[in-house]
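The following pair of complexes shares a single chain, chain A, combined with chain B in the former and chain C in the latter.
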Partner chain A sequence: MSFTYAPAPESRSVVDIAPSYGLFIDGEFTEATGGKVFKTVSPSSEEVLSEVAHGSAEDVDRAVKAARKAFEKWSALPGSERAKYLFRIARIIQERSRELAVLETLDNGKPIKETRDADLPLVAAHFFYYAGWADKLDHAGYGANPRPLGVAGQVIPWNFPLLMLAWKIAPALATGNTVVLKPAETTPLSALFFADICRQAGLPKGVVNIVTGDGTTGAALVAHEGVNKVAFTGSTAVGKAIARTVAGSDKKLTLELGGKGANIVFDDAPIDQAVEGIVQGIFFNQGQVCCAGSRLLVQESIQDELLDSLKRRLSTLRLGDPLDKNTDIGAINSAEQLARITELADSGEAEGAERWAPACELPSAGYWFAPTLFTNVTQAHRIAREEIFGPVLSVLSFRTPDEAVAKANNSQYGLSAGIWTEKGSRMLAVASKLRAGVVWANTFNKFDPTSPFGGFKESGFGREGGRHGLEAYLDV
Partner chain B sequence: MSERLTVFKTYKLFVGGKFPRSESGRVYEVTDSKGNWLANAPQSSRKDARDAVVAARKAVGGWSGATAYNRGQVLYRVAEMLEGRKDQFVREVADAEGLSKAKAAAVVDAAIDRWVWYAGWTDKIGQITGSTNPVAGPFFNVSATEPTGVVAVLAPQESSFLGLVSVIAPAIATGNTVVVVASEKAPLPALSLGEVLATSDVPGGVVNILSGRTAEMAPTLASHQDVNAIDLAGADAEFAKELEIAAADNLKRVLRPRPADWTADPGTERMTAFLETRTVWHPTGSLGAGGSSY
Partner chain C sequence: MPTTVPAHGNDAAGRLTELADVTASDSALRRFLHGLPGVDAVGLEARAASLGTRSIKTTAKAYAIDLAISMIDLTTLEGADTPGKVRALAAKAVNPDPTDRTTPRTAAVCVYPDMVATAKAALTGTDVKVASVATAFPAGRAALPVKLADTRDAIAAGADEIDMVIDRGAFLAGRYMDVFEEIRAVKAECADKARLKVIFETGELSTYDNIRRASWIGMLAGADFIKTSTGKVAVNATPSNTLLMLEAVRDFRALTGVQVGVKPAGGIRTTKDAVKFLVLVNETVGEDWLDNHWFRFGASSLLNDLLMQRQKLSTGRYSGPDYVTVD
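Moving on, here comes the complex of A and B:
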């Protein structure tokens, strides 16, 4: 017996997207030098949503100068006054969260239930949390009266556009820095709406500058001499390039890069909860998550039982219109990303792994990839080593906890890991041996502004979130 | 044309989210700094104090169990509500403390900002008071703070509003609930604050405000077996000693009075005074000798 759901689309009418947007520099929207623009499309339909200014090196220079000018006054404000600006921003985000959720879903392709229930609440909470730090920096453990760095150049990815903006801008402003932020090329809109929130909050001009563009814009920003701090979230390859760019300068650098998280399931784990955690770990946001649990390490004795349950569960996932409130799997963010996922998944088959996906009809327009899992994966396979950044799970097995740890750590990355076991001492023993910045036990993909996040090894350095997240923006 | 006759407010207590009169039916005359009549405030009895403790105790579970983030939102909401009713408090503070309008406005501004300061502390105090402890053995060992429970607060006598906020906000920021005895001669800003709290998403019973004779209520609160801590800000040295002795009966946490500049940076003392530290041990097991080499 099968049953179907009636469509339950969220209304688009709560968001009003302008046909074009300029760069937000010194409190004003301005055209890019030379008037160059690019289009941003909705990944689920390929509909053009808006035309956005393509910032050049000259535009970056203007923005950095505006941020520099604003820095003097902003950093001299009492922390309690900076706090109140950030609290205002947090509140306005809460007020406008439905609008921003719909906007983010349109521009990114992720399901509305995620933008509504995860992205937006976390964005507001992040500003709220760091607002509170602005006048408490003396208590943060970095000595008395820690100073800001100056102008922060920040480059963020497309997978959580507004959340990554919050992770970057909230601590930077709380500590007294000013920012020039470059959103991802494929998801510029929520950052531009954020510019309007800064206006509503009465934020002084030049404290936040948004320069849209592509990789060349970002490269110009991180290389700019007037930037004192570079914060980047994105691929490990670009992170390495940025590390080379800032080498020999005084720029403080934090990098939040790729991952190949191991989700380890022991034989005493509650299977149903583990299955939900595995699904959450790799199919949340279509797997386009740097800390995704993209490698499932399952204890051999329960492998068949777990895979049966997992496949049954995957068959119930609903893929389609991201604005539909019942949708579990939305669109892949771009044609380019879809091509990368497709290529890597094909390599899995070519290298001998066994591919499985539930029966799943893909929409004709837009960029889609069915939830997929691979069994018979070895540690040498590309799908076990490279970050796919898509809804593709590679399953490996182990016999002993030692073997699980060895396999989990066998990666250039070290961002996240998961452990599923009812035994507390085993959980803690394994957690303490995992070379990963975040370890979730009997849960996965949990985020909170109070909790530091970041990677070991080639997953980057520095932490975002929590008290630790202040360090990246302080001269300490 | 004759001038319009104003409507006076009946000032009432704030207990369990409601606005009762004193069960004793008593009131006392409150005057401004020049001796002009302002209002008849409830003169709470010892029974009112005990009722307030019951209300505060009832609210402990919900408030201490709320997430720190949620408590921060609520405290920030208090600041928002106060900002909108600033004029009223400026008037009341000016009357109560004999301040010029400008000086009273500065006091009220500082009080609003103090709510904001503590709103930001709710989810951070645990991050600076807790720790992971590297014990010499295979154990996961974590210390975390939690609220002590019901705190009786004798509000400062001189600073009727900024001082009041400065003793209430830190106690509730961390998840305690409070029974507050307002400044005896200037209780009106405190009683009006109850009206703000009632419309700020603060759950009923988290803050309970009593007006009346400090000397009458304080011994009841100091010796009450269901009160966990007492802030003696509003007691003089001699009275404070007497109350501290009474408080020893169930080993209440006591915050002694000391000369205070309520306009200064408050620090964390008024929060940590009403926190308990709990340390949890759990074996980490072993996967074999040594740490990771990678």
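Moving on, here comes the complex of A and C:
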């Protein structure tokens, strides 16, 4: 007999998904002009969850106009009044967190463990945090009475649908801006539930507008002349296109783009915890994290020992039904994404890297990719340079701290990095040389609303979170 | 180039010989212990907590409850212990739930040395072992000859297992070799007559780095089991220190081929807690340790909670404290 965990599925009856959803404009759900719709499916089962309106350029125009109208009153409110709404939204999110966690897992494919224990608490925390700033903007370091920008056009990705919404909407509203947000095509549902939360909180009409659709909808939003500020999180390619669109206009822009984070393990690291940190760094949300620690740089003297430990640990990861509370690895978000991961992983093998994955059975329906690691990787391999955005770890080695820093920085990206060592002086010395927006020491993928987040180089510019996150939404 | 290379490879004997060098002198042992990978407290506790969120239900829970019962060292370590109390405990170990004879027996009863004979007599003809806390338990503050005599007495009275405490004073003073030698001396006394469990009193060692070092001293000195604590101090077994010790026995086996058991003791009172510990074992060292030869719970009140949960699973209803025996 062995200790095999019985299934422990979270109930999906706590969430009520309607067969179809419209656009949320000026406080009302409306059909898309022309009536175009698209389907959103559950990545773990390919089941169609709902039909969602496909917003056109006209719909975007309607939404921006509603936001413009609402801006007059919203920006004139005292900060303490805006704070009341934000606190109310934060509390409703907490109250409805189980429902939202299940919804997010259904629509995105990530394990319920992560939506329940990471995403939702952070979503609420972001609203609470920026609610606290709303009446203290005079003390944020941008001079007395800093002014909002106007209408913010925001486009967010599918990897953390609700969390990215919170990162965008909470600071925008706290500073007095109004919002038109375009959620990702594959994960629109939690944003539509959030629209309902705005109504529940009594938020004035037009302050938050949600326009669902694909890349064309997003492009229309970014290009709209009534938008004063564009905020985008997503791929570097799309980020570059947005930068071109916005160039020459007086729109303010922040971009959070791709990454290829280096996770550096020195020979004096706490090995068992480093292994956990590596797992957390690359297998959290199936590696579909822009700041994932997708390049493991390990000191040559401990490489074999560390890899043995890592492989043993990967063999204990549980892949399967994301609604099961014991699942560690859920589904890949879409067939398209799965194809991209598969192609890049195959290129790793073709270029001579050694592929390893634990023996694990993949479900027959849905989009799945086993946690994978590549050894014998060099800086010249595609898998060491391009963002894979999936559960694929590339292992490289180094011999000296200087070499580690040089390799870590030898990337077009610069979003995150990790350092593992028991020696405090080494930690500080290396951290100060890394060209990355976030450097974690003896941990990885830790987020907090008080901590600014953003990139260097092709990982984008601007900061979200913390006091720094206010700047992007203020005329300073 | 040196003409000889150190023995490497998978042969366990060769590796143990190689490790013998690290206990050749005080300074060699110190260098070895301080060269072990450090422990990051935040990371260790986060891992233990995340394993604590595993959801164990239905068949897995039934399996875990029976496994936990079979791993208990049913313990009474009070100054007020009497032969009657020990006989009652032995009866309960053999037949934990009089209403359900399918309930597994506990692994052992654990008593003071003067009670070993009583326990042994009460357990004759069963496979329940008698464990005894020797070596001036719980403080360990006695001269080595006294500790050895204590151990000898317990074994002579029939103890199958000896739970010894280490000299925490010597450890904290950095006299690692003294700790090592003392364990070795007691192990020699146990020889092949009794299995030796070495208690570190982790609450008094205070840091995780110390707990890892103590674990290695114990294993190098020949411990059959490493055990968290006596149950007599404020902080006893925790998921974190047990996880750390599991990692140590895992690493030791990988290096030497020798498997060492783990026993968290003190403070584990509920089924929920016990199941969390089993999850730690399952996901850290795996099936090889999911057996009462390699993993034990040092507990007395845990058994009743396990029995009540077991009754709940078989009847569908919660019983209550009156449906299990007080001792």
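In this text, the second predicted complex is superposed on the first by the 473 of 476 C-alpha atoms of A that agree within 3 Å, B and C clash if a C-alpha of one lies under 4 Å from a C-alpha of the other, contacts with A are read in each partner's own complex, and residues count from 1 in each chain.
Just so it is clear, a contact is a pair of C-beta atoms (placed from the backbone, for glycine too) under 8 Å apart; a residue touches a chain by one contact, two chains touch by 3 or more.
Because the structure is a prediction, the values reported are computed rather than measured.
Trainee: Touch check for A:75: first (chain B), second (chain C), both, or neither?
Mentor: neither
Trainee: Would you check which partner chain A:30 touches, where first means chain B only, second means chain C only, and both and neither mean what they say?
Mentor: Neither partner.
Trainee: A:429 contacts which: chain B (first), chain C (second), both, neither?
Mentor: In the superposed model, A:429 contacts chain B only, not chain C.
Trainee: Taking the superposition on A as described, I'd like to know which of chain B and chain C A:316 touches: first, second, both or neither.
Mentor: Second partner only.
Trainee: Is A:113 touching the first partner chain B, the second partner chain C, both, or neither of them?
Mentor: Only chain C; A:113 stays clear of chain B.
Trainee: Touch check for A:409: first (chain B), second (chain C), both, or neither?
Mentor: Once the two structures are laid over each other on A, A:409 reaches chain B alone.
Trainee: Identify which of chain B and chain C touches the larger number of residues of chain A.
Mentor: Tallying touched residues of chain A, the top partner is B.
Trainee: Touching A:128, do we find chain B (first), chain C (second), both, or neither?
Mentor: It touches chain B, and chain C stays clear.
Trainee: Does any part of chain A touch chain B in one structure and chain C in the other, and if so which residues?
Mentor: Overlap of chain B and chain C footprints on chain A: empty.
Trainee: Please name which positions on chain C make contact with chain A in the complex.
Mentor: 37-40, 42-44, 46-47, 53-61, 63-64, 67, 247, 254, 278, 282-283, 287, 290
Trainee: Can you name the residues of chain B that touch chain A in the complex?
Mentor: 68-69, 72-73, 76, 113, 116-117, 119-124, 127-128, 138, 140, 268, 282-288, 291-292, 294
Trainee: So in the complex, the part of chain A that touches chain C is made up of which residues?
Mentor: For this pair, the touching residues of chain A are 1-8, 113, 117, 268-273, 276-277, 308, 316, 325-326, 422, 442-443.
Trainee: Considering only the defined contacts, which chain A positions touch chain B in the complex?
Mentor: Residues 80, 83-84, 87, 91, 125, 128-129, 131-136, 139-141, 401-402, 405, 409, 423-426, 428-430, 432-433, 435, 449-450, 466-467 of chain A touch chain B in their complex.
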